[in-house]
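In what comes next, chain A is part of two complexes: it sits with chain B in the first one and with chain C in the second one.
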Partner chain A sequence: MIFSTELLVQTVLSGLMVGVLYALMALGITFIYSIVKTINWAMGEFYMIGSYIQFVAVHYVLGARWWWLAAIISAAGTFLIGLILEPILIKPMYARPMQRRDDYATVVTIALLLLLRSLAVALGGPNQYRPESDLPVVWIGPLPQEGARVAAFVCALLALGIFWIVIKKTWVGLALRAAAQNRLAVQTSGVDVYRLDAIAFAIGVALAGLSGALLAPLFMVFPTNGAVTTVKGFEIIVIGGLGSIPGALIGGLLLGLVESLGAAFVSSPYQNVYGFLLVILVLIIRPNGLFGERGREA
Partner chain B sequence: MQRRGVLGAASLLAVLVTLGFAPARAQQEPIVFGLITPLSPPGETALGQLAKRGAELGVDYINEKGGVLGRKVALSVHDSAGKNEQGVAAYRRLVSSEKAVAVFGFIHSGVNIAVNEVAKEMGVPTMGTQTGASDVTAKKYDIAFRTHAVDAPRAAAWLGWIQKNKWKRISVIAETTDYGIGLAKETEKQNKDKNLGLEIQTIMFDRTTTDLLPQLLQVKAFKPDAIVNIGVGQPLDLIITQAHTTGLLPGAQMVTSYDAPARPQFWQLHGDKGVGINFIAFYSPKSELSDLGKEFAKRYQAKFNEPPVYAALNGFANAIVFAEAIKTANSTEPKAMIKALEEGSFTGWSTSPLTFPRAEGPLWHNWSPPLMVLRYATKDQTPATAEVAYVLGQ
Partner chain C sequence: MADPLLQAEGVTKRYGGLVANDAVAMTLLPGEIRGLIGPNGAGKTTFVNLLTGFETLDAGRIRLGGRDLTGLPAHQIAARGLVRSFQVARVFANMSVLENLLLPFLAAGSAGGLAHGQARARELLATSTLEHMAEESAGALSGGQRMLLQACAGFMIPSARLHVLDEPFAGINPVVKDTLIDLIERENRVEGRAFLIVSHEMAIVRRLCPRVTVMIQGRVAAEGALEEVARRPDVVEAYLGRVAA
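On to the complex of A and B.
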């Protein structure tokens, strides 16, 4: 392995940038969990859907210049799909008496995963695609970065900011936070908690869809492109703490850093292992994650 | 009484069917060829589809010519998804339930190697359609055959190309699969054994990695003259993209370890950045074809409206070779077929006849296609118009 200060700085910057993008996916997973109390195993497939919408919009309709509009359309498209699917697949978990809710959610979302993936193969074929990008290479200090990656990084930060404002400053955000704390109390206050579930699910999958759209020019578009990113998302929520929004961001940055530094300066083939080592370390030191709260039981 | 008569007639009919008609029906049952190839991710699905197209046309051709031993041939297609366990399960099902007599279509070396471990017990021969790792045939299993370039000539091809251009510093970036590890080791071995004096940097990576920037920054710091890209599928394309970002390309030369850039989607994925890419190829439309190869190319063009590429040619040839081996052996019994394959000389798509000698090392039961390095000099070139940068052995 070659080592120099410049290479170290480049690797750190590269890790931080990819970390923010991972965080966007983790945020969707953790957000859905905090409201709906369900882990969505099909999150990667919404990432995949977002990337396909981005490709179709840029390649066939809008052109490379309008990539940002395509990204908004991708996020909106996945939001709508989430809004339609949640009442059909997730709502019955709460609307009907059910003993093993977690098992139900796992089975339903894994079935959804398989369905969406097969649908992508059937409709788009097995080939890889890439939406065109005319953004030039950008130098961040000593690190050259694809313009599309910088754009994805900026958009991811922007999306995280907007998300924070919606959650902290709006009535819907207040209701969502209240539902995350106590569903029953929210229901007794006259809020339609099922509607909140649908909104939370749709926002969560829209974040994944946006992530897929932003990363499509970099990591390409194919039926299983969401699989690895979803694994990273789950690693991040274990590191940052399930249900914690700052945890998702910090967890993403840590994971990106550890993987990049490990691959560059320790041993490249184990790039994915370093993330899992970090997960194990966090579980030993703080079993609820860096920002996770200890569960309260009655 | 009437009921007893009906029962008696039914019993007689059953006996007649069992003794008389059943063997006749078995005679008419088709001979099954199994195709195990990646048709869904994470496998190299594009290659799988191409091999499938070739195999299907091969079986059609055989049946048009009257089939084999008076029976039609049927192709049973199974998806390995590039996963060893899925490939092994497919082989077991093909041999046990579907009574397949030959299995081919392998694209991923790992799948082929894993299947061979089971095949050596179950006995039905396999043919690596596009699997390059030495161990596919180097273990010298009776059942293991292959129609593809193994690690040694492939590494020799890019090392020859590098030497021809007098480059000295070489980066090898390879995935941690049987394929990638084998080729990376072979490149280092030949550099040492042939005393080529190249300075080689080898970087391995997990093929599920979505970001190869840290590895490519290391490559950049090494300042290579040429980069050998040993990724398959998505990683191959990711390396090209990110090598451009880091500024490695177009300064250094890059050669990919197989003919992925020969596919039409290459230019959609890479646009201008595809210009200057070199790739190992086993067939160029400029190559001379056998009469059978010309016939296949004509049929392929008519059916798919594009010229055939290597994986399709090999899928076709594999079906033809197995059919010819059955004819020579006058049997579908595996040992007789294996003997026919070892001793025979068969016509495939190439003008060089296909033989499968009991040779040493990975050349055991192996027919190797011609090897060359092609180069795209301008955007939207096709393999037919690509520059032939190097031909192994010339």
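On to the complex of A and C.
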């Protein structure tokens, strides 16, 4: 392996690019957890759904030129599915008193994971698909970058920006932030916390669906394509700290960088191992994650 | 006599064999400030939780302004005008003081009148001497200031008519205490709000509440002016224990 500045810059760039997409996924997990207090183990399946919607929209309906519209449709589609599923699957755990809420959520979301995967096999078969992409290679200085990758990166940044505006500037965002801090008190304010749960769940899975759509031309479309992304999402949660939005962002970028640098300068077949090494390192130094809180205020 | 604002009848709650509220009845008039007193474990907080939908009744009815609130979820009860505060002030520490006040206002669907809401919030902050903290995060407030903020947040719900304050004066410093009393008196006088105040601070109850309800062991034991009920032997006994003869 020959070291060169050019290679280093390119590696860092592509690491950051894929890192932002990882961050999107992790943000979805952490956001749902911070409001609904539930880990959605079926997150990767919403990524998968997003990628299928993208493929169908680009391949059969819109064509490669309209990939961005397809991505918006994918995000909106997964948002709607989340909005419909949450009251059916997750709400019962709050609506009646329950002893082991976390166990309930784990079982329900894992069941959902299996159902959605099987559904994908039933509908699309075990095949791999790839939506066409006619985006040209982008030159950053002397360095070529795949067009779809750059597009995914830019759209992910846009999505993060929109997310930030919704959370900071709208009243729904205000209510969501309040609910994240105290589910009881927010009801005293006249806010329907169950509705917020559904909205938060829908936003979270829409982030996963959007990453699936954006990464579809790069990582392919098949029934279990969400599995790897889910694992990476949870790696980031461990690195950044559960429930922390900055943690999800920084953790995503870090993971992307470490994987990319490791693959380029150490050995590329072990790309997925470097992330776990980072996880272990963080667990040793800061068991609650970089931005994790030691305990949550009741 | 005016139509009652709050009518609670036969409010009952059991925890296993323990009857925490046993057919509690209470009628409040519009604009009334009522004290709710009683020894620890008398069921006062349970009653507050039942009134405001944070626990479900085993039996009984609750009506506000003639509308039945029985069995509604907490947020709908708040939106219909029966608003509570918690014994440990639950403010949103990561949001600014102003945002804490705007949330209940916006939640009521008043987004159109944001300017009006902000003006109202500023006015409440001025009365609570929290003006200078408006942009600070609520986490920077002292315990007493949080109690003020929590009360003000209730006043921001446009439909709010009855405010149930659970131990608002417990463990806060005397200056903030006076500010909170002024705030309650002002909102009562100017806005015609009714209050149900759970408190152990008899001096404040005497000053604020023309009438009090005494709860003992899950039941209403007495109702009337504080001076009057304080002379009743069963009330004295519940507070001080039986006096040896």
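Definition applied: the second predicted complex is superposed on the first by the 294 of 298 C-alpha atoms of A that agree within 3 Å, B and C clash if a C-alpha of one lies under 4 Å from a C-alpha of the other, contacts with A are read in each partner's own complex, and residues count from 1 in each chain.
Rule of thumb we're sticking to: a residue touches a chain if its C-beta (ideal position, glycine included) is under 8 Å from a C-beta of that chain, and two chains touch if they have at least 3 such contacts.
Everything quoted here is computed from the prediction, not taken from an experiment.
By the touch criterion defined above, A:146 reaches chain B but does not reach chain C.
For chain A, the partner with contacts to more residues, out of chain B and chain C, is B. When the shared chain is aligned, chain C comes close enough to touch A:191, but chain B does not.
Applying the stated touch rule to the two superposed structures, the chain B and chain C interfaces on chain A have no residue in common. Against chain A, the residues of chain C that register as touching in their complex are 52-54, 73-76, 78-79, 83-86, 90-95, 99, 102-104, 106-108, 111, 153-154, 157.
Residues of chain A touching chain C in their complex: 171, 174-175, 177-178, 181-182, 184-193, 297.
On chain B, the positions that touch chain A within their shared complex are 39-42, 45-46, 48-49, 176, 203-206, 208-211, 213-215, 217-218, 221-222, 233-234, 237-238, 241-242, 245-247, 265, 268-271. The touching residues of chain A, counted against chain B in their complex, run 1-2, 4, 7, 10-11, 14-15, 18, 121, 126-130, 132, 137, 144-146, 149, 218-220, 222-224, 227-229, 259-261, 263-264, 268-272.
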